[in-house]
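What follows is chain A paired twice: with chain B in the first complex and chain C in the second.
Here is the complex of A and B:
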């Protein structure tokens, strides 16, 4: 079964298990997703929902020591990345698919100049000499708004926002077809957040890159993405286009997420969070994973795992009560 | 950087002075009389008194200490009570041999220890790692005199391949180098493993992988450099230990190095040898520590910036002013 040719990336029934201290952690439990060419998909969900694990599974850079098993299919341009040999994957990583990491403070090698760190991938993927790669790295630095004379400086000489620009420059250096941005603004302060998001959006448009944006900020999704998938306990509980999700949130969890955003024009004393905590991934409930926190849950919800419902268009939700 | 080195060299003066005071005082306090040892049990009280007078041991403590310091600053540590030869000449004669043995041993240790440690870290908790861990534990806890004797038994007595002791051509160094390296190899391998394991899980290693680098490039280019600081510390410690003369190994192989000389001086209460020897050890130790600090600066740009930081800032301020 090959992915739809209109889709750059198709994930089918992806499952990832970690092991830690003898326990099995069910990080991703059967995720199915599609990303059309040129599209921008937002992965939304709470901390620990498995968003980063999905991203790392796409690039096959899950931590060796903790990963127990990865099953399912991840089609990227009609080839299943989970069945692709390591040498082929090395050409894809950084060349066709690249990733911006969550914490710019730790994502850069502290003992290598930023120029070398950007040039490394260019030298590797584009058959360029070291000198050409360096020139290209300088051009990338300028693209992300860092002056060329800082090319030989080390990460500790940069501020957090600038480090994230360097990380973005590394990711975009080889003009990838797919950019995965894992909470690229979470570790940055608010004024820098907007700059970094603008940068990603501009680069995406000018280089015609497809994007997967991982975030827990619905505002950011609305600004940049055209498709949304809501992740809860390692499952996609609802997915569709931006309009389908934002105008008709259907799954009780999605409804809860929108309910938790404070509205500026209304005066509220307290925020309305979703009550309770996400389930323990080492011991998932038998029925619907969201049932213990769900306002609409029935007795059946706690016993039987829900099935995916097609709500028209590309809108799907994982719930038996709708 | 030069200023830093100069400052550190100056700091050595008070350190060596303190060492001189301590060793001089301690040797006064330890039981045992060099004259009694020299003349044997049957010497008369008058003979002993005469010899003490001749060696100047009857003069007041401070006077003798002053004599010692005056000599020491001119690198003259006096004449051995027993052999009647100049301690400085003897140290200078033996130094190249110990240096050669120490350099060879530390190179062998690093050349084996670091790769073994890296392999263990890559295969962490798998069979090769476990085997290596047991072996290194064994090597670490094996007393070197016992190993040295076993090696002599096998290679000199039974197989008759290598000389059992003394000095001469390269073949005389083989067994001493092996004996003093085995423990260091194990120590360096364990430190390398621990330090690599920490670095391998760092975010910037994931970044490096996501660029599409091969595992070899990730490990050697990104991980090793960052893991190097604690490894260098261990190597430096072991090197300075070896430079003090590996007493036990030198004894077993009757290797006429510094260790054997200093230990004979201690046994005979031959004060000039002990004082000269201990000052030499204190000096080489401080000197090697300085070398290590300089190597740190080469490995890690953040440490380098601490040494040259002030100067750079000043030059930048000057630029800004101009």
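Here is the complex of A and C:
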């Protein structure tokens, strides 16, 4: 299947296996996703669900030594990234697709000024002289709300929120078509998180960048995304528009996630945790991966892997009980 | 009755650039059997305050009373007794357990130190604690690295509860956990409080969690308390500009009732040698010259204390 023209990114049946200590880790198990041009897709899930692996597969930056196999298709416009040669990928990374990592404290080079770090990508990708790149870097710093006179400072001179702004400036410097942000605000305080989310939203609108936002925080998704995919044990268990997922969560795992978060505006006596733990990716259950924790699981669920159900519109869920 | 009474508590740290006013003149009480939620952003002094109260840090000035008794400067003997009554659950279950001690050893350690139990009783008591915290018996001889985050936090809870303390400082106990596990631990903490009449001080930056678990809330900014009241009152009628901004900044999952966001300028300023006057003034949308004068908490409506000289105008009172 080729990518269609409305989608900037189309992932089809992506599977990623790692190997470690003689065991095979099934990190991503047949993920299918679409990101419309100009859209913002939230990938939601808990630690170890495979969210970051999906992002790294898109950019082809999976760790060589541990990656056993990557199969499926990842169409970016009309090109399958999994079949694109490395030299071309290098032009795409940081150019057409760029990524913001979770931890701003470690994502920056400590011995390079922030100005040089922003200018580096511009110089490499846009055929600009160093002077031009520096001018552009200064403009980017101002775009993310940092004054131009700090261009020659080093990362240690910035606070956490400011560092994340610098990382975002680097990622957006070449006006990418797609920005992948992996937990961009998880390490930040809420008032700073609000500033950074506001910044991403404004930049997305002014530069017409499409966005994949990886997070475990459903509140952050609601703030900024228009599409949502819920990831569990390396699979998309439910996907749809923000309204489809937040107004009509259907998969028992999605329902469970909403029940487990304390709500700011209403007080409940008791939270409803999801019983048990996510499955071991080296030893996935035979049937539905969520069945051992699912309140609605039947005997059949433990035996047969569920199929994807279309719930109307763009709403899909991976469950046989609905 | 107040189990914990704190008056004008200060904790300063020396640093090469001046004195860090981590906790600067904080006064409050915690009623027996209740939960005081202490909220604020990183660096506001909330963990330092929790640790100072239970004597993991020595206070610089002020008074700490436990059960009506002044325990600000306890003797060695008294401190030992206090430690049985005041415990802490730490944020990071990955670094707060000794990697070379089994689950059983970890839970037995405080019991051994108390010298109140025979060898046989130790085992029994530790087993009881494992049950209480919901740790499976088969994990008795497991090491921390074999456990997931939720189970590790349960071990931390069992250890803290082993000597049947009255007061527990919970320092971000669920921040490192995934939401589905977070809910399990929050429910456990609330059940235990109910069964054992525990008093909690719950330190966190997560306001949704704090609303869920606390009866009272203190909001801290740069070492000082800016607002305190009963929980529902604080969430329904926040009065301090910082509390308002903090509450409005929380992303909510309610996609149809978005509230207006108050975006603060800049970031938290340095707690080193702070100037007198309101510490929030530099980021406050309402600040003027008057804010350079020192302010303290005052009761604005019954039980609702705010430290802001413009509180009346801002809230149309």
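Odds and ends about this structure:
We take it that the second predicted complex is superposed on the first by the 317 of 322 C-alpha atoms of A that agree within 3 Å, B and C clash if a C-alpha of one lies under 4 Å from a C-alpha of the other, contacts with A are read in each partner's own complex, and residues count from 1 in each chain.
In this text, a contact is a pair of C-beta atoms (placed from the backbone, for glycine too) under 8 Å apart; a residue touches a chain by one contact, two chains touch by 3 or more.
Owing to the predicted nature of the structure, the values given are computational and were not obtained by experimental measurement.
Annotation for the three-chain superposition on chain A: chain B and chain C fit side by side. Once chain A of one complex is fitted onto chain A of the other, the partner contacts of A:107 are limited to chain B, with no touch recorded for chain C. Ranked by how many residues of chain A each touches, chain B and chain C are led by C.
Shared-chain residue A:192: touches chain C; no touch with chain B.
When the two complexes are overlaid on their common chain A, residue A:170 makes contact with chain B while staying clear of chain C.
Contact with chain C, but none with chain B, is seen for A:270 once the two complexes are overlaid on the shared chain.
In the superposition on chain A, A:223 contacts chain C only, with no contact to chain B. When the two structures are aligned on the shared chain, A:242 is found in touch with chain C, with no touch to chain B.
After superposing the two complexes on chain A, the angle subtended at the C-alpha centre of chain A by the centres of chain B and chain C comes to 80 degrees, rounded to the nearest 10.
Of the two partner chains placed around the shared chain by superposition, chain B is the only one that A:121 touches, whereas chain C remains out of contact. In the superposed model, A:46 makes contact with chain C only, not with chain B.
Contacts of A:256 after superposition on the shared chain: chain C is touched, whereas chain B is not.
Here's the short version: in the overlay, chain B gets within 10 Å of chain C at its closest Cα pair. Residues 46-47, 159, 161-162, 189-195, 197-198, 216-220, 222-223, 242-243, 246-247, 256-265, 267-268, 270-274, 277 of chain A are the ones that touch chain C when the two sit in their complex. On the chain A side of its complex with chain B, the touching residues are 56, 59, 61, 63, 65, 89-95, 98-99, 101, 103, 106-112, 120-121, 124-125, 154, 156, 167, 170-171.
For chain B in complex with chain A, the touching residues are 124-125, 201-204, 206-214, 222, 225-226, 299-302, 305. Against chain A, in their complex, chain C makes its touches with residues 41-42, 148, 150, 178-184, 186-187, 190, 205, 207-209, 211-213, 232, 235, 245-255, 257, 261, 263-264, 267-268.
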